[in-house]
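Both of the next two complexes hold chain A, though its partner changes from chain B to chain C.
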Partner chain A sequence: MSTPTLGVWKFTSCDGCQLTLLDCEDELLALAGQVRIAQFLEASSAVVGGPYDVSLVEGSISTPDEAERIQRIRAESRVLVAIGACATAGGIQALRNFADVDEFRSVVYAAPQYIDTLATSTAISEHVDVDFELRGCPIDRHQLLEVLTAYLAGRKPDLPDTSVCTECKRRGLTCVMVAHGTPCLGPVTHAGCGALCPAYGRGCFGCFGPMTNPNVPALTAQLRVLGMAEDEVDRVFRTFTVSSFERER
Partner chain B sequence: MSTATIDVDGLGRLIDVLAADGYQVIGPTVRDGAIVLAELDSVDQLPSGWGVEVGPGEYRLRKRADTAMFAHSAGPQSWKQFLHPAHRKLWSTDAEGNGFVPAVEEVPKYAFLGVRGCDLAAIGVLGGVLAGGRHPDGSYVRRRPLFVVGVNCTEPGGVCFCASMGTGPAVGPGYDLVLTELVDDDGHRFVVDVGSAQGRRIFDRVPSREAPADEVGLAQEAVASAAGRMGREMPATDLAEVVRDSRESPLWDDIAARCLNCANCTLVCPTCFCTTTEDVTDLTGEHAERWQRWSSCFELDFSYLHGGEVRTSGASRYRQWLSHKLGTWYDQFGGSGCVGCGRCIAWCPVGIDLTAEAARLSAAAKGSVDVDR
Partner chain C sequence: MSHRSRQLKVSSLARVEGEGALRVVVNDGTVERAELQIYEPPRFFEAFLRGRKYTEPPDITARICGICPVAYQTSACLAIEDACGVELDPAVADLRRLLYCGEWIQSHALHIYLLHAPDFLGYPDAIELAKDHRDVVERGLRLKKAGNALMELIGARAIHPINVRVGGFYRAPARAELQGLRPQLSQALRDALATVRMVSGFTFPDLELDHDLLAVRVPDRYAIESGDLHSTSGLSFAVGNFSEHVVERQVEHSTALHAALDNHLYLTGPLARYTLNRARLLPLARAAAVEAGLGVECRNPFRSIVVRAVEVVYALEEALRLLDAYVVPDRPYADVVPRPGVGHGVSEAPRGLLYHRYELDEDGLIRSAVIVPPTSQNQAAIEDDLRRVVGANLDLDDGRLTALCEQTIRNYDPCISCSAHFLDLTVEGR
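And then the complex of A and B:
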């Protein structure tokens, strides 16, 4: 079997998710032995042309150019994995979807006429077929390795679509909402982080976005019981995965 | 009558004796704003002077006026995490074709200190499920040679209902030693009953005095009065029948409107036993492992068959859980799956109350029977 090729692609994003790949320090040498990194500008300026066996796609689609470029990458990729809150939900920049992008443009930029942007910031899956999605801001290192090792072994990756609570309870953590009264989005948020924030006594802020069929209205009622004002409830759902949580509210 | 009394130093000595005998002593201690279960080296780690205020979806530590160590009800964890771990390796294999190598587990010899009536009943239920059939779970069996120091409950919590499930407040059979804590003008002490030969063997090494009749009486009164101070009560009816009659009840949708499907109730339940497996491979493809982890009927994937999930609605998933716990568990395992510890009520982030929902279903089922007749 020839060595599979890996491409890492960036759209509208901060690069944090693709850097998770470099963060896999203990596994990096083994990974480099199993795949040929054909395109990964954060690591090397050497670029090999397609097609690619696996493409990791970071970032959201927020410009006309990106909307075209993702089509080409899809066409050149056997397996396409959208990585991170931007690629899977449009990211924090999707706040524009609920506002007037022309107004933003005129306020933010000195010469707005040079800014060529779409009115919305959208997930990769709204433009092309996506084989797997890794959620989070940033993604979880273990989930990234899981999807790559699963590909190499020819098996389905284990990416549970359950609440963060399931990971919290398996770790034996004490619920911050029940025991401390700390608002937490864990009960409606997609698992995958290993309950990182509750492990440090913080409420989950939902960076993995909603799980499938979350009951966001029921959690919202409880957030109010815990003393959150209406604008605070709005803000807690309008962060890194604003567009997907807004669909569930 | 083998009733004796020990003081706090005696309890400390009991921990030392168990440790010297090779036991890993697990008991309650304060951590992260809750009373959790952890390994104990010393009596000082017990939650002396700490109580809890518990309600649906709410749990708070409260400082007590006395030094009681066991005046608290169930916390966020249960003994299940030691007997049926949340995550464990089943086997490994490699590309060399050496076959499947079962995981070798280092299982400590556990001594559980502070086991309540509800929780000892839960250990029994879990054992019946995991080790009672024709194919006992080896992992559970290896963990089960327990030393159980029970504690009769004198301070039930706001979501407790062991009295109506018949599992407490007195600890039932199966303990090696059982303590009843007394804190009053005569001091802080524990009335001890010995329940087994291994209990006797250990307790003989702990300095104690014979318990006078009035002290034994005080202890019995404290436990008896706890039965009347339960925060909750399960309706006294045939719940298996209620569950059977409630299959199409509109109440399931009503509950589902509040239920988060987060799975917390099942994961904190001391008898919920479901697991799933995950396969892990390394980057080289030379090594593969299969792991088991806790799963829940509230997870969408739990009912995944070919092509999709069977229980997609929240109503169907809550119905599955409650119906199994209170109803079909009788058919499957010969008893109730609920022991009345109240954890599912306290640790539900939105405070859904199993006893209240069972009472509503029961009332509705009775109503419909009357109409039909």
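And then the complex of A and C:
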């Protein structure tokens, strides 16, 4: 069997999720022995043409050019994995989907006519078939390694789609909401971070997006009981995965 | 070879953070155009920050850049603390500096070993480099990991840390937790000194900048997480006056906005910091700089890799010092009560100055936000370098000259993801 090829692609994003691959300091060189990194512009000026066995796609689709480019990448990729909140939900830049993008443009740019952008920022799956979505803003390094290992071994990644609460309980942490009255999105947020925020005495702010079948209305009622005003509840759900949470509210 | 008319083009720059392109046009031996084109899509941070709560910018603006989130979090915190008239407990301020040291170590190690060194050593990337010099790449990864370890302990994760809040931190680490990092950081310091020795042996093309250099300065330390602004031309001003001195203007040849300092070209980042603050380095870093042949100033952008290596030594020395002096603060954060007004914050992101300004209303909601990232400030200087490098090397063939142009851009570790929400967009096919 020939060495499988890996492509890493960037769309509208902060580069943090692809950086996660370079943050695998202990595994990077071993990984490079198992796969041929055929396209990874952030890390290499060597570019090998497709097809690619596995493509990792970071970022959302927010320009006409990107909407075309993702089609070409899909066509060249055997397995396509969307990595991170931008690629799986449109990212924080999807706040424009709920606002007037022309007005946004004129606030930021002196000459807005030069800015070629779509009115929406959308997930990769709204444009092409996606084989797996890895959540997080940013993604978790261990989860990324599991995804790569799984596809290289020809199996599906084994990652839970439960809530942050399950990770929090497993770590034996004290519930910040019950014990301290701190508003926390853990009950509705997709697992994967390892309950980082509760471990630091902070309520989860939902950067992995909603879990599968979350009960957002029930949590919303609890957030109100804890004293959050309506506009605060709106803001807490409208961050890094605004599009996904808005669908669940 | 005829040099009558040449065009050099790289439509997707590699080993930089974000999406950029390079275009150079030479006619009759004259460089007509030298452009670093930014086609990273805009994300409109300044627009959607309006109406957000004063507590949110550290988390939200971190997402501008996955490589330097702490710089964004810090400048955002400073600006809001300034608007609300909050002073930090010195122990909390030191913890912020320690976290920032972690970011300098990981970002500089990433740039030196994975992005920039391959240029000097003739490899397309660090993976290929590792096939011949595995020990070198392993040292770089070890160094990077030490920076990340510091960020992971204080910030809970290295990319978009969750423990930073306006006024300080959600949780302060115990002294023993920080001391647990000592062996790793001590090893990293040895690796950093070896890095300075390695990079100082590289071959550097001749280029001397004469622009003004601008950096943050504090009296007693090499400035990282706060300070006043100083330039080599003798300018000196507080962060509150930043927008009176630094003005973005649209230039004819480019769709990008370029920043100017009192109407002249200037540069921020490692060269500026070293030249302005060298005397404030700690002993090991200062000795390493001397050993590496850096003088009282460094104005050759190709040597920025040496300055970065010296700054890694400094960041580790400083981290070990802060770690030993650490006392758990009484409270990990100061209470921040919002009030209407304007606040400014500036800090030294690994690649240069990062300025934030927020205006708050009486409810603590943001009325306006301005963010000036390092790469939009440095873009004019980068293009000026390109022009000069091309002009001085017209005898090279297109392939070698293009490679030299790319290396010239990488000298600045440009963070295009950061600048894109600020610079105008040129759409390029790729």
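Throughout what follows, the second predicted complex is superposed on the first by the 249 of 249 C-alpha atoms of A that agree within 3 Å, B and C clash if a C-alpha of one lies under 4 Å from a C-alpha of the other, contacts with A are read in each partner's own complex, and residues count from 1 in each chain.
One rule holds in what follows: contacts are C-beta pairs under 8 Å (C-beta built on N, C-alpha and C of every residue); 3 or more make two chains touch, one makes a residue touch a chain.
Computed from a predicted model, the values in this text were never measured in an experiment.
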item	value
Side-by-side fit of chain B and chain C on chain A, or clash	fit
Touching partner for A:Glu42 - first (chain B), second (chain C), both, neither	second
Chain B versus chain C as contact partner of A:Cys17, first or second or both or neither	second
First, second, both or neither for A:Arg155, with chain B first and chain C second	first
Contacts of A:Lys169 with chain B and chain C, given as first, second, both or neither	first
Per-residue touch tally on chain A - higher for chain B or for chain C	C
Chain B versus chain C as contact partner of A:Gly201, first or second or both or neither	both
Chain B versus chain C as contact partner of A:Val178, first or second or both or neither	first
Distance in angstrom between the closest Cα atoms of chain C and chain B, superposition on A	11
Touching both chain C and chain B, counted on chain A across the two superposed complexes	201
Residues of chain A touching chain B in the complex	27, 30-31, 33-34, 145, 148-150, 152-153, 155, 158, 160-163, 165-166, 169-175, 177-181, 184, 186-188, 201, 211-215, 217-219, 221-222
Chain B - residues contacting chain A, complex	31-34, 36, 57-61, 75-77, 81, 86-87, 256-264, 267-268, 278-285, 288, 293-294, 296, 299-301, 312, 314, 346-347, 349-350
Residues on chain C engaged by chain A in the complex (per definition of touch)	12-19, 40-48, 50, 52-53, 56, 59-60, 63-67, 69, 110, 114-115, 118, 124-128, 130, 134, 137-138, 141-142, 144-145, 148, 156-160, 162-163, 165, 170-171, 248, 250, 255, 257, 406, 417, 421-422, 424-430
Chain C partner contacts - residues on chain A that touch it in the complex	10-20, 22-23, 25-26, 28-29, 32, 37, 40-47, 62-66, 69, 91-93, 95-96, 99, 101, 103-105, 107-111, 114-117, 121, 137-138, 193, 196-197, 199-202, 205, 207, 232, 235, 239-240
